[in-house]
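My questions all concern the structure below.
Letters A, B, C, D, E and F mark the chains as written, and numbering starts fresh at 1 in each.
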Amino acid sequence: MTRGFYIGRFQPYHNGHHRVVEQIADEVDELVVGIGSAGDSHTDRNPFTGGERMMMITKALVDVDLVTYVVPIEDINRNAVWVSHVQSMSPRFDIAYSNNPLVVRLFNEAGIEVRQSPMFERDVLEGTEIRRRMVEGDDWENLVHPKVAEVIEEIDGLERIRRVADTDSS
Amino acid sequence: MTRGFYIGRFQPYHNGHHRVVEQIADEVDELVVGIGSAGDSHTDRNPFTGGERMMMITKALVDVDLVTYVVPIEDINRNAVWVSHVQSMSPRFDIAYSNNPLVVRLFNEAGIEVRQSPMFERDVLEGTEIRRRMVEGDDWENLVHPKVAEVIEEIDGLERIRRVADTDSS
Amino acid sequence: MTRGFYIGRFQPYHNGHHRVVEQIADEVDELVVGIGSAGDSHTDRNPFTGGERMMMITKALVDVDLVTYVVPIEDINRNAVWVSHVQSMSPRFDIAYSNNPLVVRLFNEAGIEVRQSPMFERDVLEGTEIRRRMVEGDDWENLVHPKVAEVIEEIDGLERIRRVADTDSS
Amino acid sequence: MTRGFYIGRFQPYHNGHHRVVEQIADEVDELVVGIGSAGDSHTDRNPFTGGERMMMITKALVDVDLVTYVVPIEDINRNAVWVSHVQSMSPRFDIAYSNNPLVVRLFNEAGIEVRQSPMFERDVLEGTEIRRRMVEGDDWENLVHPKVAEVIEEIDGLERIRRVADTDSS
Amino acid sequence: MTRGFYIGRFQPYHNGHHRVVEQIADEVDELVVGIGSAGDSHTDRNPFTGGERMMMITKALVDVDLVTYVVPIEDINRNAVWVSHVQSMSPRFDIAYSNNPLVVRLFNEAGIEVRQSPMFERDVLEGTEIRRRMVEGDDWENLVHPKVAEVIEEIDGLERIRRVADTDSS
Amino acid sequence: MTRGFYIGRFQPYHNGHHRVVEQIADEVDELVVGIGSAGDSHTDRNPFTGGERMMMITKALVDVDLVTYVVPIEDINRNAVWVSHVQSMSPRFDIAYSNNPLVVRLFNEAGIEVRQSPMFERDVLEGTEIRRRMVEGDDWENLVHPKVAEVIEEIDGLERIRRVADTDSS
C-alpha cells in the first residue's frame, strides 16, 4: 500500500490542483492533502480559513476515485522541524509531491522520496490570478471545481477577499 | 442541511466514541469530528499523534453512512479564543456535541447550540481504562473498532504506550 | 513623583485587594494595577477574562483618590524575562508591591525595590474562598466592592464559575 | 449604556487620534481605547512600548469628558481569532470604530457594528510623518497633545527613534 | 569520528552527571551536552537559568579530556517534533545517552541509537536531594564539582532557591 | 575578570567575524559568542541551523587563545524583552560588542556597556556576498576559516543553499 502526500495553500483549491490530484491518483493507493498555513486567513494572499479550504477540497474530491485525507497544517515557523510537524499531523506517507524548492529540500534532508508535479509552478501563478479576478470582478468560476465555487458563495468569499485586498494586513 | 461537530481527544478512538457518532448520525446531515490536543503525543494520557488518531477515526468511519470530516485541532491555551480557533479550522457547523462542562460553557457563551451525548462521561473513563489495559497487557481489542486495532498495530502503538507510561513526561 | 506597581490575578478583585490599594495610596503618587495571567479565563482558578477583571478594578477604583492605570499582563512563561515583559506593558514604576516570593525575587534580581503588603497572603486565601462561595451559593457579595458585584452579575459570572468548576479544565 | 471600542497602534498618539476620540465621545457613554501591536517596540514603525503608549493616551485623555479604558492588545497572528482575543482583553463594547479594511471586515464577520471614522486614513499618514519628523529633527510637538510630548521627553523617545531608524530591525 | 549527545536539566550539574560524562568519554570522540528546559528558571525544580547551567558545565568540563559542546535546548512542548528540534540546535551526533523512558522512545522512533547510562535514575534523585539540601542549609558542596559551587556562589544561587522554594510558582 | 558578548547570525561564520573575535580577545578574559536567530535555517538569508553554526564557530575558535562559550539564541520577537532573554541564556557578561543600531540601543537602555566593532557593517555585506558566491559557484572558501569550509562540506551546505535560493521561503 502506497500513500502520497500533496501539500499546498489552496487559496483557493482550483483546477490546477485538481489535475495534480488526478495525476497522483494513478501512482498511489491513498492520498493525504495537506493544507499549508492553515491558521492564516483574511489576507490578500490567504483569504480563506483552514476550515473553509477543507470544505472546498473535501467536496471537490468526492468525484475522485481515491481514498483521501484532508489535513490542515498550521505553520510552525521553524524549517528544521517542519517535516516532523507535518508527519505528526498526517497519516503516514511514503512519497511527497511538491515543486516548491524549499519543501523538496526539507523532505529530501529527512530522507523522504519527493516527486515533482510538473504543473505546480503554473498553479501558483493561477492562484494569484484567480484571487486577482475575484477582487476585480473578472470571471473565475471556470477555473475551479463547481463545488468550490459553491463553498465560496456560501461563505461570502468574494466580499471578504475584496474587503481585505486594499489592506496592508501586516 | 445540518452539520454537527463532535470533539474529543480520541486516545484512542473506541467503541464509546463510535456509538456516539452513530447516534449523532440520526440527527445531522454531515459531521465534523474534531481531534482535540492534536499536537500532543507520546505521553501517558496522549500516546498517539494527531495524524495517527486521524487514521483511526477515518478508517472506522468508513462503515458509517454519513458525510464526515476529521479535523485535528491543536491546543491554543486560551479558553476565551478557543471557539474561534475551532471554527476557523473546521467546516461550519450548527450544533456541537459534548458533555465536557468547559466545552459546553465555551460554546454556549459563543451562542452555539450544544447537545449532550449521554455516554460521554463513561467514555472518558473507558479511554483511561483502555490505555491501562494496553500498558498492562490486558485485553483491549474488543473495546475498539477492528480498523483502530489495525492502526495501533501498524504504528507499534502498544510498545510506545508502555515505554512512555513510566515517565513523568513533563 | 513616585509610581507604584501592584500585581495580582484578581479572580475576582475583592475587599482584601481594595484595602491594599488604599494603603499603597498613601505611599505613592500614581499606581499601576497589573492584572496577571490576563489571558486565562473560564477555569476554576481563573474564571474571569482579563477584560472582565479590568472592568471590576476600574469601576471599584473610581472611589480611590489616586491616579491609577489598569494593565492586563499576559503570561510569558519565562520567569527570567517576566520583569522586562511587565515593564514593557506598564507605565514606568519605582516600587513594586507583592508578597509572592517568586515575584519578590524576580523584581529583586532586576534591581527594583519591592515592598511587602502584609495582607497579601490572606488575600489569596480569600480569593479561593470567594470562588468557593460563588460555586456553592454561599454569601460572597459582602467580600467585594458593590461595583464588582455588578460586573459579575452583568457578565453572568456565577453561572460561568459553576459550570467550569466541575471540569478538570486542562 | 453604550460602550465604544477604538483601536490603533498610536505610534505615537497624536492630534488626529485625539480628534477621533472627541468625536466618538458624542456617540457613546464609555470608550475603550485598544493599543494594537502592544508587544512591539524599538522599531522604525513601532518605536514605543505598549506601556509608554498607555501613558501617552491616559495622560492626554484626562481632558476628555468621558469614561475611558486603555487596553494594550498583544498581536495574536491569527486573523480568524483576533476579535475573540480583543473581546477577552477588553471590557465589553457595542460599537467598534475603525477605517482599517481588515479590522472592519473581522468585526463585521463577528456580527459587531463598525462605524467609520473619516479621518483615519489621514491619521495613518500623520503617524508616519510624525515619526519622520522626530528622526530628522523637524517640528513635531505641535502635532501631539502637550502631555504626549512630555511622555516622549521623559522616556528619551527621540533618541530611541533616531537610533532604531537606520536599522532593518528584522 | 563518533559524537555523543547527553541531555539533562542539570539543576544543578552534579557529581552524578560528571561521572556519566567521564564514562561516555571512553566511548566517543566528541560530546554534546544538551541543557534541557533551558528557558526555565527561578522555580523550585528549575532554579538556575540556561546560561547559569552553561557556566557550571563548561567550567566543570575543563578537566575532562574530550571535545565538548554545551547547548541550551528550549522546550518546544511537542514531543513529536522534539528530536528534530534538538538536532537543529546541536552539532550532528551519532549516539544519544539517556535513561529517561520518553527521551529513549523519541530517539528510538527517529532511528537514533540510544545507550543507557546506568546511574541516571539515581542522578535524578540526587538532583532533588541537592536542591533540598540547598534550601534547608544542609551540606551540598561535596556533591558537586568545586567549579559548580563557585558558579552557584557567584550568582547568589542559594538565596534564589530558598526564595522560590515556598512559591507555588505557577 | 571581564567577559564579553559578541552576537551575530554567522550565516556563515567568516573571516570578518573571526577578525572581530581576535580583536576582542585583547580586551576581555572570556568571550560569549551568541548565535542570533538560532532557530532559523533553510532560507536564502539563514541557510544553516543553529547547531551547524555552533560547529563552525567552535571549530574555528580552537585556534584563538581565549576562553569562549558559544550560545544559540532563538528569536523571541519582542524587542523589549530581548536583552533579558539573551542574559538568561548566556553566562553573565560585562560588555556587549555590536554595531547593529537596534542591538546597541537595546543594550544601552538595559544599562549594559556596548563597544563598537568597526568592521561589523562590512561583515554583514560579506555575509551576503559569501552566500551569493556559494549559490553561484564563485570562490568563497578563502573568505572563511578552513574548519568552517570543512563543516559546510560535511553538512552538504552548498547543495542546500542553492536549493533554497530560488524559493520565496515564506
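By definition in this document, contacts are C-beta pairs under 8 Å (C-beta built on N, C-alpha and C of every residue); 3 or more make two chains touch, one makes a residue touch a chain.
Being a predicted model, the structure only gives us computed values, none of them experimental.
Listed here as common contacts of subunit B and subunit F: A, C, D, E.
Here subunit B and subunit D face each other with the same set of residues for the most part; over half of the interface numbers are shared between them.
Two chain pairs, C-D and A-F, are weighed by contacting C-beta pairs, with C-D ahead. Work out the mean CA point of subunit C and of subunit E, and you get 36 Å between them. Centre-to-centre, using mean CA coordinates, subunit A is 43 Å away from subunit E.
Listed for subunit A are residues 39, 41, 49, 78, 80, 87-88, each touching two or more other chains.
Viewed as a contact network, the protein chains fit none of the simple shapes, being neither a path, a ring, a star nor fully connected. Checking each pair of chains for touch leaves A-B, A-D, A-E, A-F, B-C, B-D, B-E, C-D, C-E, C-F, D-F, E-F. By the touch criterion stated above, subunit D contacts subunit F in their complex at residues 39-43, 49, 160, 163-164, 166-167, 169. Contact residues of subunit C toward subunit E in the complex are 37, 78-80, 100-102, 104-106, 108-109.
Of all the residues in subunit C, the ones that touch subunit F in their complex are 76, 78, 80-81, 83-85, 87-88. Those residues of subunit E whose C-beta lies close enough to touch subunit F in the complex are 38-39, 41, 49-52, 54-55, 58, 69-72, 74, 87-92, 154-155.
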